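Going in written order, the chains are labelled A, B, C and D, and every chain counts its residues from 1.
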Amino acid sequence: MIEHTCRIRVRYAESDQMQFAHHSNYIVWFEAARIELLRAIGVNYAQMEQGGYLLPVLEVCAQYLKPARFDDELHITARIAEKPRAKCRIGYEVKTDYQLICSGHSLHGFINAQGKAIRPPGAFVQAVEKYFTSSRD
Amino acid sequence: MIEHTCRIRVRYAESDQMQFAHHSNYIVWFEAARIELLRAIGVNYAQMEQGGYLLPVLEVCAQYLKPARFDDELHITARIAEKPRAKCRIGYEVKTDYQLICSGHSLHGFINAQGKAIRPPGAFVQAVEKYFTSSRD
Amino acid sequence: MIEHTCRIRVRYAESDQMQFAHHSNYIVWFEAARIELLRAIGVNYAQMEQGGYLLPVLEVCAQYLKPARFDDELHITARIAEKPRAKCRIGYEVKTDYQLICSGHSLHGFINAQGKAIRPPGAFVQAVEKYFTSSRD
Amino acid sequence: MIEHTCRIRVRYAESDQMQFAHHSNYIVWFEAARIELLRAIGVNYAQMEQGGYLLPVLEVCAQYLKPARFDDELHITARIAEKPRAKCRIGYEVKTDYQLICSGHSLHGFINAQGKAIRPPGAFVQAVEKYFTSSRD
């Protein structure tokens, strides 16, 4: 398993007239948390894209349990629970003061600049492999 | 069943460096399509909120089949397939030139300004009821 | 002078907890209005970019006179008052029900894909020239 | 003079198909930097709003000198150079690796929840006053 938590403060522009952080922003925060998770295991997503490997989102889901509000400091945990193969699934938990307010996941597949599905780059495979060494992985 | 289709042109600000419309925007477009569906059946969401009925998102999911790109004109269909009760589920399909590029759904529940779950307002119930008149609904 | 007005309805996601349309959205609406103005005079910005001509923003300003709110239908007028040369200045007026709520402008210069300042493409020059035919232009 | 610098990393969702951070995001970053400047001098903007004092934007301008790109870590300096009176002007500088890429300013005035212009709250006046003690202020 790979897990990483980052902090994001809710911006004013992210609030809505319901006085909540608008639900679409969680999708953006998931992405920010995902990129920080990759950085934490030595994968620089910006460089990976420059190398011709894109990792678009195939699916995203979020369950909203409690609202976040402007200026809340959120703890966003991204987690790869299963060894990525052709596709990579990442789970997310968003907490304020250690109360879970949102959970979700995203599903990804590597493509090249022409949009064709490709195998993950070697650097990515090596970076994630050491976290999934048990026989059942 | 209630169904309504609206058109949205992908804004430049909604593009990303992958040359795609960023996936978070679909969540915003779902919402725009949802509000137009409500308007089409005589429910003005802005007025409903002013009347103290909020309809926050409890869950949202999207599957991305093909990318949309800047300046594409999207046809976004919102659909209430089952009669709303305590919760209201809305499905979405996003098409460009009649090719499906994204599908998804959202789940909603009414709350009052204090955040307490409440029954839907009478005007909403009346507006949707006529679309679900068969005995099995 | 070249002038074009488009309509944009304020999205829920564009509202903020002050119950106003967040001021950053006007910058996005200016851009949408600018692209529609270009389309109206026969310039397809998406195709122009594919042809290697980018028109980044060098400067943007907005004065906010009155708030817009969720679900307001805005009339956004983009205007090129002076014949574009190396730089192109576009003015904007945002109205609700014919009341001016915001005015602004943006300044642009053409660059190529390598980021180098270049002359505008011939198709752009031809499209705008017919609107500035007097001797003093 | 009051000055405060915060760091913001450009999100993927903030990139556009020109491979730049879209220019509208700077307006959002200015706001984030403004709220951190206020926090640094002991003014919690969220609480100030709860107390009935809103500080909407009357004007915003930005000059874009060089592009920011996805994953760049930006240093955003907000600066109140003149003692705020009825209106408050804040200047901004955005840097990457100590190179200036954008400068701008915003202008604000206090209003109450009914939208009426009001004097700044005492806590705000006290917080800023100590930074402007010279006779010419």
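FYI, a contact is a pair of C-beta atoms (placed from the backbone, for glycine too) under 8 Å apart; a residue touches a chain by one contact, two chains touch by 3 or more.
This structure is a prediction, so every number in the text was calculated from the model and none was measured.
S.K.: Rounded to a multiple of 5, how large is the rotation, in degrees, that superposes the C-alpha trace of chain C on chain D?
M.R.: Superposing the C-alpha atoms of chain C on chain D needs a rotation of 180 degrees.
S.K.: Cα centroid separation between chain A and chain B, in whole Å?
M.R.: Whole-Å distance between the two chain centres: 24.
S.K.: Would you kindly tell me how far, in whole Å, the mean C-alpha position of chain C lies from that of chain B?
M.R.: About 29 Å, centre to centre.
S.K.: Go ahead and note the Å separation of the Cα centroids belonging to chain B and chain D.
M.R.: Centres of chain B and chain D (C-alpha means) sit 34 Å apart.
S.K.: For chain A, jot down the residues that touch at least 2 other chains.
M.R.: Chain A, residues with two or more chain partners: 12-13, 17, 24, 28, 31, 69-70.
S.K.: Examine which chains touch each other and state the graph shape they make (line, ring, star, complete, other).
M.R.: Topology of touching chains reads as complete, every chain touching all others.
S.K.: Across the complex, what residues on chain D touch chain B?
M.R.: 12-13, 15-17, 19, 22, 24, 69-70
S.K.: Would you pull the chain B residues touching chain A in the complex into a rising list?
M.R.: 17-18, 20, 23-25, 27-28, 31, 49, 54, 56-64, 67, 115
S.K.: Where on chain D is chain A touching in the complex?
M.R.: 9, 11-13, 28, 31-32, 35, 44-46, 69-71
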